[in-house]
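Structure in C-alpha cells, see below.
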Amino acid sequence: MKNSAEKPSSIVVAAFPALGRYVSKGGWLCFLAGFVGALFLGWYVFPKLLYSSQPQPFNFSHKVHLEEADDPEDVESCLNCHAFRDDGTFVGIPRLDKCKECHEDPESPLGDSDDEATFLTNYMAEKKEVPWLSYSRQPDCVYFSHAAHVKMGEIECKTCHGPHGGSEVLPLYRENRISGYPIGIWGERISGLKTNTWDRMKMDDCAECHTEKGHEENNACFVCHK
Amino acid sequence: MDSKLLPEGVERCSFGMFILWMLPWLAILAWGGLAAVLCLVKGLNQTNMSNVFAFALWIVFDLGVIALGAGAFFSGFLTYVVGKKELKNIINAAVIIGFICYSGATAMLGIDIGQPIRGWFIFWHANIHSMLVEVSFCITCYLGVLIVEFVPIILENRKLDQIKELHIFGHNLHHIMGVIAASGTFLSFFHQGSLGGMFGVMYGRPFAARDGFYIWPWTFFLFVLSAIASGPCFTIICTKLTELLTRKKLVPDNAIQLLAKVSGWLLSLYMVLKIADTLVWIYDIAPRAGFKFMDFYREGPYGVWMVAAELFVCGIIPAIMLMTPKIRENQGMLVTACLLNCTGIILNRFVFIIVTLAIPVMPFDRFLSYLPTWQEWAIGFAVIAYGFIVFSLSYRYLPVFPKERELNPIAG
Amino acid sequence: MGVTRRNFVKFAIGGVAGLHLTPLPYKLMDDIAIWTQNWPWVPVPPEGEFLSVKSVCGLCPGGCGIQVRKVDERAVKIEGRTDYPVNPGGICPSGMGGLQLLYDRDLRHTGPMKRVGPRGSGDFMEITWDEAIKTVAERIASLRKNAKTEALVSVDGNSKGSTLSLMIERLTKAAGSPNYVRMPSLEDTYEMGNLLMMGNNGPMAYDLENSDYVLSFGSGLLEGWGGPGRIMNAWAVLREKASKGGATVVQIESRASNTASKSDKWIAARPGTDAALALGIAHVIIRDNLYDQQFVSNYTSGFEKFKTMVLGQYSPEKIVDITGVGKEAIKAMADGFARAKAPVAIYGKGKGTLNGSLFEFMSVQALNALKGNINKPGGIIISDPLPLATLPAISPDGVAERGILTPRFDQAGTNKYPFAVSLINNLIDVINHSDKSPVDTLLVFSANPAFTLPDSGEVNRALKKIPFIVSFSPFRDETSFMADLVLPDHSYLEKTDDIVRPNGLQYQLYGLTRPVVKPVYNTRSAGDTIINIAKAVDTKTASSFPWKDYESVLKIRAKGLFDSGGGLVRYKGAEPAWKWKTASDGPDYKSFGDMWKKIKTDGLWYRKLMPSAIDSGIFKTASNRFEFFISQLELAVKDYPTAAPGGNRLKELGITVEGDAAFMPHYEGNHHHDEQLPLTMAPYEMVNLASGWAPSPPFAYKTIFDDQLLGSDSFAIINPGTASEFRIKQGDYIIIQSKACAVKARASLSHGAMPGVVYMPLGFGHTAYDEFIREKGVNPNLLIPPGKDPLSGHPVWWTTPVKIMKG
Amino acid sequence: MLPFCFEWVWNVDHIIFFGLLYTALTIVATCVVIAAIKTVMQVFGFTRQRHF
Amino acid sequence: MKKEHDQGKYKYGMVIDLDKCTGCGTCMVACAAENNVSVRPDESDKQRSISWMQVYKADNGKEFPEAETVYFPRPCMHCEQDGRGGHAPSCVSVCVATATTLDKNTGIVSQIYTRCIGCRYCQAACPYKARYFNWWDAYFPVDKGLERYLSPEVSPRMRGVIEKCSFCHHRLMRARTKAYADGRRKIKENEYITACAEACPAQAITFGDLNNPKHKVAQLIKSKNAFRILERLNTKPKVYYLSSRDWVRKIADNPVDEFSPISG
C-alpha cells in the first residue's frame, strides 16, 4: 500500500524538484482517499441515508386481483379498481367500499393468505380504511387530472406508473427524508437518469412529455399547479 | 498585542483603543443580528412593510448603498481601463467600500424576501425580462468580482504576505486586475441601470414609469449616471472621514481632486438629463396616465419640496461646487459638495421607492404613509455598522492607502 | 504520513472534487428546494370524493337555498342554490362563511356544559347529556312541586310559527308557565299594525319583484332586510327593469346607507319622522285626488276622518319643518307613488331584527291603502299562514293550569299593552325593579338578548339576577356565557329543522334544513333536547310530548302541507316563483311519503304566488274593511278601564295626541329633546355584519372597511360639519354619552351622515366568542336608554339623544 | 438557468441575456483560474516569476 | 395525431354591473372560502390582510344629502399587457422567478406559490393592488378545527409568498376534467364561472369567454356604460365594469382632460 502510493509521487518529484515539498508524505494519497471516499459517499452511502423505508400495512398482489384480466397492463383492467368518479376525478388507491364489492361476497373463496386475513380482520371487519402508502404521491401544489391523460390523452397507466399489473409483492415503500416524497418521484436511480418513461415523475418529465406530444400549451403553470 | 499583523511603517492606535472603537459598531451589528433572526424566524410581519409598501426602508438602503458603492467600479474603471495612475492611491479604499456596500446590500436582500432559502430560484428559474433578475445576476456576479479585487488587498497583510504561495497568488491577481475591473464595470453598469429600470418599467405606476430606449427605460441610464456621479463622492467622504478619525493624511490631493472633478462633470451631465427627464415626465408621461404633476403631491409628507431638494439643493449646487476648482480645493466645501451629492442620490432612490408606492394609482384609493419598525432600522444600521467594522479592520491590518507611509513618516 | 493540516487539506480537496462527480450536490439541492416548498406547518387539505348536499340556510329567517360542497365527510364550501326559489344562486356573506361557524371550536359549545367561572367569563366544564338534561328537568320539576311554575321563563329567538318555536312554547306551557317570551322583530310591528288596520295578522309581504315604484321608509333593503338572498335578487330584478326605465326605488333614510346610495333617489328625512313624511305624502295624494277612489270607497272605512286629519295637520310646509325634506321632494314622491302602476310603500328599520314603530308603520300602510295596492301585483300581499298541521293541544295538570293563568311578567296583552304578544323589555324591567328576580329559571333558545337587545346594560343586570339560566345556543355567545348550564343545539348544518315561510316572502314556502355533515361536536338538536327534558320532568309534562324525536314532529306538521293539496317540491328555475299565477300548480309528488322524502332531500315545498282577491275577506276588522280610523283601538281606549281612577287611557297607552287623530295613523312628535344631549345617536346595520343571534363568520370581517372597524375600535359616522363643531377629525377618539351609558369609539366623517346625528353600527362590541369576533368595537345597544314605542310597548331603539366629546 | 432546463427557450432574449452573463462569468472565472495556475506553476517551479 | 385538448384560444373575463352591486361583500367571502384564503384575528389591518376580491368604496364627493357611494369589487384584472404594448402584464414581466405567467390559452394570470420567493416586485408593479403578500403563515391554530373547511382544490399558501385571484382556475380544471370524463373535448360555457360570480346575490358579476361573441360578457362589454379601471394605463384588463352613473365611470380613471387612451 505504502509503496504503490509513493510511486507516482516519486516520479513527479523526480521530474519537478520544486514539487517535492508538496508531494511528500503521501499527499497524493490523501487527495485520492478523499476523492474515492467522496465517490463512495455520493453514490452508495448517500442514497442509503437519504431514504427511509416503511412497510405497507400488508402485502397486496396485483397479479391475484388481475388473474381474470386478459392483459394486466391494460387501462381498462386498472380502471376496474383505480376508477374514475362521475365528476371525472380519480379515485387513486381504492377505498374499502371498492374492496367490499368482492371481499364481502360470501360465495367467493377468500382468506387464502395471511395478508388477506390481515385485511379482513384488521380493516374490513373494523370498517377502517387501509393506510396504504402511495408510491406516486405528488405534493399539495400539484394538480393532476387523470381524466385528461387517460381519457383524452389515451395514455396508458404504465407510461407513468410502470407495469405492475403482474406483480405479486408490493415494492418496499421508501421516502425521501428531506423532501418527504416517495422515491418514485425522483426515481430509483440516485443519478436521476431514466430509461423508461415511468422512471421519474418530476415536473421536467411532465413537461418533456407535453412537449413531445405537441402540447406545449399544457406547460402553462396553472395546468399542473393549484 | 496585534502589532505583528499591522502593516509595516505606519502608526496605529493601541489594540485596546481599537477594541473600544469597535464595540459600539459590534453592538449595533448584534442588534441587527437579533432583528434579522426575528425576521427570518417569525417572518416579515416583524416589519411595517405591507401590501402597499412592498418595498420599504431596506430597499432604500439597498439602492442607496449600491449607488454609493459605485465608486468601486467607476474608480476601477478609471484606474485600470482608462489608466489614471494617480487613482491607484485610492482604489483600494474604493474597492473595500464597494465590497462593503454590495455584500451589505446582498445580505439585506436575503432578509427582505419572503422565502430566503428559495432565493436562488432567481438564478435557477430566472425570468430574464425582469429587471430585478438582471440586478440580482449582476450584483452577485459583481460581488464575486469585488471579492476577487478585495482578495489581493487582504493578501497584502503583513502576516499573510509572508506565506509565499499567497504572496504569489496575490501578485498574479494584481496582474489580471485590468480584465477583472473591465468585466466589473460591465456588470456594475448593467445592474446600476437595471436598478433604475426596475422602477422605470413599472408602467402601472405613473409616478415611476418612464419611456425609454429599446428595453431600457430612461431611469436605466439616469441611475447609472447618478451612481457613477455619486459613488466617487462617497469614496471621497469615506476617505476624508478616515483621515479625520486617524488625524492623518492618507491620500494625495491629486487623486481626490480628480475624483471630485469627474464627479462634478458627471453630476452636471446627470442633472441636465434628469431635468429633461422630469420635464418629459411632467408634460407627457403623467398626463398620459391621467395625472397632473401636482396630483402626485396632493397628500402626505412627500411634497414638491422633495423635487426641489433633489434637483437643486442636492443636484445643481454640488455639481457647480465640484466643477469649480476653487471651491472643490477647499476641504470643507469639497466634503459639503460630496455630502450634498450623496444625499441627493439617496433622496432620488427614496422617491422612486417609497413615494411611488405611497401614491395610489386608482383614483378611489387612498394615500398611505409608512414608518419602519425597530427591526427594520436595526438591520439598516447593522449594515452601516458592518461597513465601519470591515473598513476599520481593513485600515488597521491592510495597507489600504499605499501613500500612507510616505505622507506620514514615523519619526525615528 | 500522519494527519497534518496539509494532508487534511488535500483530503478535503480530493473529497470536494469527488463529491462533484456524484449526484449528491444536485440531488441535495433539489431536495432542499422541495423542502422549502412544503413546510410541514402549512395545512394540506386531504383529497377525496366530492359531494354536493342540498339544504337550506338557517342563519336568519331569510331561508336561502344552499348547497354544501363536501370532500368525503368534510364540508368545504357553501354555495347558493339555483334550484331554490328564494335565492336563485346567490347568498349573503354570512351564509357564505357558514362553515367557520360549523368548525371553529372556539365559537361553539362543544358539548353540554356546566358553568364553573363567574357569569360572563365563559369558563365551563363539559358534563354528560344525561346530567345536563337531568339538571334542567329537576329544576322544572321542583318548580312544579312548589307550584311556582310561572317562574320558568323561556326566551325564544326562532322565527314565529317554526316548529321549534311551538315546541318551546309547548314546553313552557306544559310545565305551567305563561311566560313564553319572544325576541322582538319587525314582524311583530307588521303583525300588530295589520291586525289593527286590516284585522288580519297573516303573513305580509311586499311584492318588490313585481313593483315599479318602491317607496322605502327606512327598510335596509341592501342591509339584510327580509331575506337578504331574496331581496338582493329582487334588487337585481328592479335594476334590470330600471335600466329599461321601468322601475324606481326611493329610499327614505337619514344616512346614505347602501340602500340609499344605490337607489334611484335618496330622501334624507330626520330619524324618527317617517310617520310625518308618509302622512305628508298622503296629504299631497289626497289633496291632488291621486288616490284610488274606487278602492277607498269600496274597501276602506274612516277615510273622511283620515282626510280631514291629513289635510288639516300634515301640510307639506309643516312636514318640511319636521322631516327636513323639501316640498318638491314630497310632491315628487306623492306623484311618483300615486301615478305608478304597481307602487308599494314599504316600512322597515334596518335589517328588521328589532321591532319598528307601530304608528310609523300604520302611516306607511295608509299610503298603500290610498293607492289600493293590497293583494295586487307589486303591492303588499296578505296571505294565509302555511297550512301546516297543528299539534295536539297540551293537557295541563292542575299545577300547570294554575301557572298558565298567572299574569305574564311582561304584561303583554294586558290593558296596558293590549295588542302586544310578547314584550321582553318589560320582562327585563320587572326583574330589575324587583328585589328578588321573579324569574327562577330562564331557558334561552336561538337568542342572544345580552347582546342584541337595546339597553343591553340593563339586560345584563337582569340576567345576573336570575338564579338559573339555561342556554341552548350552539354558539359561545354573551347570553350563554351568563348561563349556568348549556345544552348546545346543533348548528344549522347538522340538523333537520324547518323554516316556515322565510321573512317577507310573497308566496308560500316551507324550507327544511338537513344534516349536511355528521355533528362535529357533542351537540344535540334542541327539538330533541326539549322532548328529552319534558320526558324527564314528570309523566304529566311528558304526556304533552308523545313523540320519539323532533323529526317526527316536523313530519306531523308537514302532513298539513300535503293535506292542503297542491304545492311543488322541486323548483326548476325556469319561471320565478314570484310570477303571478291564476291557476294552482302541482302537485309534483305522489303521496305524503313521496313528498316528505323529496322535501328531505331538496329542502322545500312551495306554491307559486297566487294571493287571495281583495274581496275574498282578507279584511277581518269590525267593518270588514281597511280601517284608516281604527275601531279596535277606539274600543281599547274607550271600553277598557284606566289603570288608575281618572287616568287617561291614551296616555297609558303612550299616545300623546288627542281627538280622532289618536285612533288613526299619526306622527307622535319628538319628545326626546334634551338641551344636555343635543345630538341623536342612530344605530345602523350592515349586511356583512351579523347583529342578531348568530355571529358573523370570521370571513365576513374581511368585508368590513377600516373606517368601520380598526383594530379594537369601531367608528361612529358623523357629518363633517357636525364634527367640525366639536373639532373632531377623521379617526379621532370620541366619547358618546347618553342617559344610559358613555362609550368610546372613533369618528368617521362622512357626507352620507345627516348633520346632528351620530351613526353607530350594530354588531360590534362582542365580549364572547373567540379572537375573530371578541373585543372589536363597541355595541351601541349599551347607549340606548329604556323607552317605549307608543301603543305597541316595544323598545324605541332607533334614536337616542346623546352628546359627544373628544376622547 | 441552464439551457437544458425545461423552462429554457431558445429565443433571442435568452441567448443575449445568458450569453452576456455567462461570458462575463467565464471571463472572471478564467482570469482567476489563470492566476491560480500561474501561482501553482511559479510555486512549483515550472516557471520563473518575473518580480520575485 | 389526435389532439387531446381543445386548442381554442379562450379569453376569460368578467363584467361587474356596479348598478346592481350592493357592496354586500359576498363575493369577497365566497372568494376567500373557495380559495382557502387565510383569515386572521385582526382583519381590519387592510394593508396586510388578504382578499383576492376586494370591494373598494368610493363616493361622489358631494355634500349631504347629495352624497352617493359606489362599490368597486376588484379581483385581479388579468391584464393582457404591461401598458407599453408588451404582451404580458407588468406583474408577469417583473417576476424574478417566473412564478407568475399569463396563459395565452385562457388569458388567466397564474401565480405559483411554491415558486414565488416573495420579493414583492409584482406588488409594486400592480396599479390595482390585486396582489397580496403572506405576511404571516396561514392562521389555522392547532385544535381550533378551522383547517377542516379547507378545499383540496387550491393549495394553502405558506408565509412569504404572493397570492392573488386566479379567476378560480381550479374550477376551469374541474370543468375540463368533467368534460374529459364525459368524452367531451370542450367545456360548456356555463360549466366554468368564478366563485364570486356564482355567489353574487344581486347577479352583478358575469363571467365568461370574451372571445365568444355569443357569450353575455362579450355583449355586455359593448355597452356604452362599460369601462375598465385605469384604462389610460393601457394595461388592457379583462375585468370590465358597467355603470349608468357618469361620476362612477369618471372616477374609474384619473381625470386629466378628456379620455383618450394612450396607444399601445
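Labels A, B, C, D and E are assigned to the chains in the order they are written; within every chain, residues are numbered from 1.
By definition in this document, a contact is a pair of C-beta atoms (placed from the backbone, for glycine too) under 8 Å apart; a residue touches a chain by one contact, two chains touch by 3 or more.
Which protein is which chain? UniProt says B = Polysulphide reductase, NrfD; C = Molybdopterin oxidoreductase; E = Hdr-like menaquinol oxidoreductase iron-sulfur, subunit 1.
Since the model is a prediction, treat every value here as computed from it, not as a measurement.
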*In how few steps can one go from chain D to chain E if every step must land on a touching chain?*
2
*Name the chain whose C-alpha centroid is farthest from the C-alpha centroid of chain E.*
D
*Considering A-C alongside B-C, which chain pair is linked by more C-beta pairs in contact?*
A-C
*Which one of the chains is farthest from chain A, going by Cα centres?*
C
_By mean Cα position, the chain sitting nearest the middle_ = E
*At what distance in angstrom does the C-alpha mean of chain B (Polysulphide reductase, NrfD) lie from that of chain A?*
50
*asked:* Suppose each chain is reduced to the average of its Cα coordinates; what separation in Å results between chain B (Polysulphide reductase, NrfD) and chain D?
replied: 27
_Please tell me the distance, in whole Å, between the geometric centres of chain C (Molybdopterin oxidoreductase) and chain E computed from their C-alpha atoms._
33
*Roughly how far is chain C (Molybdopterin oxidoreductase) from chain D, going centre to centre by Cα mean, in whole Å?*
75
*Residues of chain B (Polysulphide reductase, NrfD) that touch two or more other chains: which are they?*
115, 118, 121, 125-126, 129
*Find every residue in chain D that makes contact with two or more other chains and list them.*
5, 7, 43
*asked:* Residues touching two or more other chains, restricted to chain E: which are they?
replied: 57, 98, 114-115, 137, 155-156, 158
*Would you mind giving me the full set of chain pairs in touch?*
A-C, A-D, A-E, B-C, B-D, B-E, C-E
*Given the complex with chain C (Molybdopterin oxidoreductase), which residues does chain A contribute to the contact?*
25-39, 41-43, 46, 50, 85, 87, 89, 91-92, 139-141, 176, 178-181, 186, 190-192
*Residues of chain B (Polysulphide reductase, NrfD) defined as touching chain E within the complex*: 43-45, 49-55, 112-115, 118-119, 121-122, 125-127, 129-133, 136, 198, 201-206, 209, 211, 287-292, 295, 356-357, 361-365, 368
*Which residues of chain B (Polysulphide reductase, NrfD) touch chain C (Molybdopterin oxidoreductase) in their complex?*
115, 117-118, 121
*Within the complex, which stretch of chain A touches chain E?*
84, 86-89, 139-141, 143, 145, 147-148, 151-154, 213-215, 217-218, 220-223, 225-226
*Provide the residue numbers of chain C (Molybdopterin oxidoreductase) that touch chain E in the complex, in ascending order.*
37-39, 41-48, 69, 71, 74-80, 87-93, 96-97, 99-100, 102-106, 222, 228-229, 232-233, 235-236, 239-240, 242-243, 256, 258, 261-262, 266-268, 520, 687-688, 697-706, 709-711, 719, 721, 750-755, 771-772, 776
